[in-house]
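For reference, chains read A, B, C, D and E in written order, and residue numbers begin at 1 within each chain.
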Amino acid sequence: MSDIRAPEGRSEPAYFSCWDIHAYYGESYIVQGVSMNIHEGEILALLGRNGAGKTSTLRAIARAGDPEVTHGEIWLDHKPLHEMSAHGAAQSGVALVPEDRRIIPGLTVEENLQLAQIAPPHGWSIQRIYELFPRLGERRKQEGVTLSGGEQQMLAIGRALARDIKLLLLDEPYEGLAPVIVHEIERTLREIRSLGITTVIVEQNAVAALKLADRAVILDTGKVVYDDTAQHLLDNKAMREEYLAI
Amino acid sequence: YTNAPGNDTVTLGFNVPQSGPYADEGTDELRAFELAVEHLNGEGDGGMMNTFSSQVLEGNGILGRKVEFVTGDTQTKSDAARASARSMIERDGAIMVSGGSSSGVAVAVQALCQEAGVIFMAGLTHANDTTGKDKKANGFRHFFNSYMSGAALAPILAQQYGTDRNAYYLTADYNWGYTTEEAITSATEAVGWNTVNTVKTPLTQTDFSSYIAPVLQSDADVLVLVHYGGNMVNSLTNAVQFGLRERQANGKNFEIVVPLYSELMARGAGENIGGILGSQNWDWKLENQLGERYSGTNAFVQSFGTKYGFPPSQAAHTCYVQTLLYADAVARAGDFNPCAVVEALEGFEFDGLGNGPTTYRADDHQCFKDVVVVRGKENPENEFDLVEIVEVTPTEQVTYAPDHPQFAGGSLGECNPGA
Amino acid sequence: MTDQATDGFVPTQSKSKGASAGGALGLGKKDLRLFLLVVAMCAFAPFILNPFPEGSGLAQFNAGYPDLMQRFVIFGIFAIGFNILFGLTGYLSFGHAAFLGVGSYAGIWMMKLLTLNVIPAIIGSIVVAGLFAAIVGFISLRRSGIYFSILTLAFAMMSFALAYSVLTPLTGGETGMQLQYFDPRILDAPLPEGQTPRASLFGLEMAASYELEVGRWLFTFNAGYYIAAIAMLIAFYGSIRLFNSPFGMMLRAVKSNQNRLSYTGISPKPYTLAAFIISGMYAGLAGGLLVAMDTQVGAERMFWTASGEVVLMTILGGAGTLIGPVLGAGFIKYFENIVSKINKSVLEGWFAWMPDWMTDVTVTIIYPFVGKGWHLTLGILFMAVVIFLPGGLVQGGQKLATVLRRDRKSKDAERDAAIQRQAGE
Amino acid sequence: MDAIILQILNGLDKGSAYALIALGLTLIFGTLGVVNFAHGALFMLGAFCAVTFSRLLQVSYTFTDASRTDFLGNPLQVEVPYLYDILGESAGAAVIDWAVPISILFAIPVMLLIGVIMERGLIKHFYKRPHADQILVTFGLAIVLQEIIKYFYGANPIPTPAPDAFIGSFDFGAMIGFDAGSIVYPYWRMVYFGFAAIIIGAVFAFLRFTTFGMVVRAGMADRETVTLLGIDIDRRFTIMFGIAAAVAGLAGVMYTPINSPNYHMGMDFLVLSFVVVVVGGMGSLPGAVLAGFLLGIIEAFASMPEVLDVLPGINQIIIYLVAIIVLLTRPRGLMGRKGVMED
Amino acid sequence: MGILEVTGVNKRFGGLQALDDVNLNVEENTVHAIIGPNGAGKSTLLNCFVGRLTPDTGTVMFDGQSLIGRKPYEINQMGVSRVFQTPEIFSDLTIIENVMIPSFAKRDGAFKLSPFAAVRAETEIREHAEQMLLDVGMADKKDMDASAMSRGDKRRLEMAMCLAQNPKLLLLDEPTAGMARADTNNTIDLLKQIAESRPITFVVIEHDMHVVFSLADRISVLAQGHVIVEDDPQFIKGNPKVREAYLGDAHD
């Protein structure tokens, strides 16, 4: 982890960096000093076993209320996220696609998308999202939470794209998706990268994630145990076996 | 006997509503109690102690014991009132409990005092039952009651509005409402009035419009509001809103009657009370307007008004009087023993306490005295001068036999001195 | 299976209660300790609640007189019962006072019709309240959440309204129901005219007290209180057992996820209904004891504010905890009965030692909060407790302890981080 | 027939009071998910805004009139409102006469401010807390507010009449061909009805034609996700609360001429308004309004003597009986949304 | 004669035909996988088995008895357990309590009034629950609150809860979604081992083809509410219909 430095001291400023974050759920000490740097337009795969703290790290970055960050700095495009509230961070360009999708009950598919376009800055038009996921267009008047699992996942990603984002945090985006759709989303993510959006992807399907990603970070019990290129990890059998069992 | 006082002090318990709708009435009662204690202890100007026909009180407390008091909140709930009274008796050693602003509370606390062996000097309670089916040997009521209201009002109603009237009743749907409705209907029917309808309204009702509206459809030309407190303020206000006061029915002016008046209610109803008849136990203008017979009134108003800056209500008056009567009875008996007090009060005849000559009847521990019939002023000069005295119905007319059907059942039992 | 290392992770505290062996009476060690503590507090309440000598200024704060001690334990029972429903299943009944009231009416009618002995009255109260709860529960439990609350509220308000008015012959209405010497009482000899009927337990009158004078202190040991306290201890014991039973666990599961419970093969409805009925019977017991201690029933004890009061007692003390509801009940009853009795002259007495102007200022400042202002103090305390002690008095205490611990821990973390930082540079 | 028309009028009017209170309550309770036991207190505070305002208009100086005496025989202190000096006696009196309607202008900012302070200072910390805690804290607040009012204004009702122009009643009967005087309706109640309709319409329009309502609903269902979409939900909750407080307050202001306000009028209405909201169905504004009118009309009919003769005492329980029947036949009240406060 | 027989099941949500004449026959003691694109109606079908939904038409027979119209708990008591797509657990209870409850349900039936028994004394049930947790690899967390679990752990917990009942038919809706690869493999092993050690039938919905092909004895493919193919695993991969509707071209 020698390339991780305090933001001030970097030679080449990373687009996104978080530095030594510690976070708690109440009493439970979960994120135990995570640091990482990502360059603009890169995709980083954040891997690790169940309970390693991946979700917690993403939530800490997005400034969700839980877990509570007690220490550390988070910078996105020279803006200090660690000083912001969740909505402030979101307006600065962070979008979290949470692991349980969090479709808002009581709202239709379309309303769920509209909701994302209330606060500035706006991203894709709703029409464009329907073009990407025609299934959502068909179901636009249906209550979001009655969608099938996969459809909900599409909606959650669509909701993120409806905002003009700089950093996309994807928590297990392939979970529960049929293989065809996984391909679809992979293609979308590549497109997103081509737009210059920086992405962190948490995924149990490590091979799929690594194929997509430029870099990989492995977490174990809340600490970074690996931080290097994705290709390197794909090649490093020992590492893969130890932390990913693949 | 229970809570026998020591040689220095004696403790009285003043149990009044301090929260809930009657809190202001309770506050006024408490003012009167404090004033009475002051006078008993020889402070202040002595108030009605100077005009009281019995002159055994010396201003040195009661039998030389300085009077102390404890207060409590009845919340106008029988449970809470009993809890408060029990703490006065069990913890503070009160030998007499007084106060209260409803019959529900009075009956409940009176029964408690009977059990515990202390004296209960009822405050504001108007239902017949307090000295009727629920009477107790240890309990005494100075205030008048439903029957007396009916008996006092009926002749004056007949005189003012004629004997050919159709009356429509809105009655509070609880015990006091029932006894008052019964008293007024039977008294007015006796002078020739006709009862068109009696409708019960819930205690918790706040908007009475849907009860007033059917009055318009009936052939009634009088509306009797057997309501008290907030119920009365609202039902009267609503009735006036519906134009009942300007209404003509059966070729006569439509009239509204409120059998039991109170100054505080009158204040709450504002200008709506103008011209409306009702009855009272006492009024602070009695002596000024009707002279000597009601001596004591001015003395009390003077000392109350000087201390607090406004004239006392009838609730304050009855509580003050009850305290003096208790102290006087102890002094006359020379003993705090409740049974001695009961004996001293039973059949006691007195004067100079503002109501004219009065008797505590032995059979039911009810005071018999004149009843004041009042009418709401059309243009009151200030917020304390809301009613004018129409007439005073003399004692004889409001007296009834102890076994009158409206008071049937129950028995005083024997005085209980407690432990 | 992979070994899921959890070192460095601090698991949240286990909630399972006193799972360890040891203890007696079928209770775990921790519960047994709590129970014995409560037993001791009940036994010595006349001392504990009367800490100030008679006649001293602070005697105003003494609560060790029979009426209030009885109320503490009786409302404790009421709240314990309410907590069985609300604390375990999460169903918030807003009409629980109806069961207390119905229990009281049943109790007083037993005393009127059968005997002045309190045993049949109390049993009658429990049975009738339980039956009433079965009906109300059966209907109300068809709905959940706020809909359930409003259904129970509606039943209670109907009970109140009817008892206060139309049912006056049965309930005494506004004046409440009292015993009369002429009540039939078929098991007792008839009372002579005018005699006051008194509740008793095989001849031991509820009002009977023994007074102990120690120096300037006066302690009252009241028969009624001890009988109510024993009932409370039994009720409390029952609630501990119930909390730790599989039944209690199912009730907590109902609260947590009813859906999962039904897909696990358990029918939630009979569990919640049973909890509702048990809780109604506790309320009935409390109602029965109220009439046993003070032989009258007022309809107001079924008004919605009375139902609200038990909700407040439970939350204030700590819903779902064993002892919380009892503390909450004590707290509210103390304010109702003690603070409401502090009047201006009492205040003046306390501060008489100050210079006159200071007495006046002090009394003027304090006066709005006591006496007729007791509601204000209570309201402020309600707010203070929820704001500063989330989870009520009991959990508030526990949280306070953990906050202290947590402070230490985060400091440790920061130190660790600082060390790491140095190492990194 | 005329009796029935009259009771429908009465029911509509009662209903508009219920609907207005329930509307404010459901904005907080059904939409923000806070069990606000202080809502009645807000209604009461609104009423006391009117009282306070009319007292402010009547701030007076005193002079001693030696020719008259007070009840103790001392020279009489006569009070003259400053307003008489400022505007002249007749204009001053006219303004004082119109105190209640004018005080709307006074009440709106005051109630908005109270609502905002209440939300910022207290309620916002309770969105995530269990409903039970919300009950405890708002009940505490309600007690505190009403005790403060009691301290300054006493427990007795305070007459606060409508302007003279609205005193008296309108003879509908004569207009639609019944006997004169058989169907009369007080002017002020008609004003109240119209006022309620306007407020209800305005709130609906606001929530319907802006995305505000959707955002707040979403925020209540899942606060965190909404924040993560960049929306400052706290601010919107505050605004919502302010609006609800203002609606409650205005309902209170306009109600004062109908029933003299007193410090516990909020508690008197509280339970009823909860029943109305729940019968209407949680989270549904139209439901709350509909239930308000429904219960108002049913209550009016239950208080007719003809009905009471058949079913004595039905007026005591009718509201609760109807509530039970509705809730048993329609699981989520008249128009409730699924999942709102069902657990 | 299968243990679970589904004939002609239709379910409509408003304008959407979610299930369109579904027929399915699950043989006893086999692993039957249902795959299909998102929104095909797989979860809806399971909902019709456990009493969460009632089909508009059609029959569902389990062990010779109809499941239609029965309450969820009755169906469970007949021996049908289900793992949900989004974990359904008792989040306010501890892990061990979560697993004890199903054991109680199995032993005591749908309702048993036992207010004075002590959970503490139920050693048998506790030990059984501990064993289940050991099986899914969560023994060390047994006293934690279930709400504090990570998502993968919640899924494993739910599995333990279902296994604790020793059901005749276990319905698994994406049991390994969100599970780490290592645990996915362990779960496959566990399910296989269970399938071998006792008489049990599995119906598995899964998008992870690795899991499907490791476990399934037979596979039904659902698309747009309709069973388009039912076959043995080896024939599924190559089926053009399946490739088009579900697997996509890239898959091999």
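Going forward, a residue touches a chain if its C-beta (ideal position, glycine included) is under 8 Å from a C-beta of that chain, and two chains touch if they have at least 3 such contacts.
Note that the structure is predicted; figures quoted are calculated from it, not measured.
Undergrad: With centres defined as the mean of C-alpha atoms, identify the chain lying farthest from chain E.
TA: B
Undergrad: Report which of A-D and B-C is connected by more C-beta pairs in contact.
TA: Pair with the higher count of C-beta contacts: B-C.
Undergrad: Can you work out the whole-Å distance between the CA centroids of chain A and chain E?
TA: Here the centre of chain E sits 29 Å away from the centre of chain A.
Undergrad: Would you kindly tell me how far, in whole Å, the mean C-alpha position of chain D lies from that of chain B?
TA: 34
Undergrad: Report the inter-chain centroid distance for chain B and chain E in whole angstrom, where each centroid is the mean of the CA atoms.
TA: Computed value for the inter-centroid distance: 75 Å.
Undergrad: In whole angstrom, what separates the CA-based centres of chain A and chain C?
TA: For chain A versus chain C, the centre distance works out to 49 Å.
Undergrad: Touching at least two other chains at once: which residues of chain B meet that condition?
TA: Answer for chain B, listing residues that touch two or more other chains: 19, 23, 27, 173, 200, 202, 204.
Undergrad: Where does chain C touch two or more other chains at once, residue-wise?
TA: Those would be 2, 4, 6, 11-12, 161, 165-166, 375.
Undergrad: Which residues does chain A have that touch at least 2 chains other than itself?
TA: Within chain A, residues 28, 49-51, 245 contact more than one other chain.
Undergrad: For chain E, which residues are in contact with chain A within the complex?
TA: For this pair, the touching residues of chain E are 13-14, 16, 35-40, 42-43, 85-86, 148-153, 156, 174, 177-185, 207-209, 245-248, 250-251.
Undergrad: What residues of chain C sit close enough to touch chain E in their complex?
TA: It comes out as residues 1-2, 4, 6, 11-12, 14-16, 18-19, 21, 26, 28, 238, 241-242, 244-250, 252-253, 255-257, 259-267, 270-271, 274, 278.
Undergrad: Flag every residue of chain C that touches chain B in the complex, lowest number first.
TA: Within the complex, chain C touches chain B at residues 62, 65-68, 71, 161, 164-166, 168, 173-176, 178, 180-181, 193-196, 198, 207, 220, 294-298, 300-301, 336-337, 340-341, 343, 345, 371-372, 374-375.
Undergrad: Which chain C residues qualify as touching chain D in the complex?
TA: Interface residues on the chain C side: 86, 90, 92, 139, 142-147, 150-151, 153-155, 157-158, 161-162, 165-166, 304-305, 308, 311-312, 314-316, 319, 368, 373, 375-376, 378-383, 385-387, 390.
Undergrad: Please output the residues of chain A touching chain E within their complex, sorted ascending.
TA: Its residues touching chain E are 25, 28, 48-51, 55, 99-100, 135, 142, 146-151, 153-154, 172, 175-183, 204-206, 244-246.
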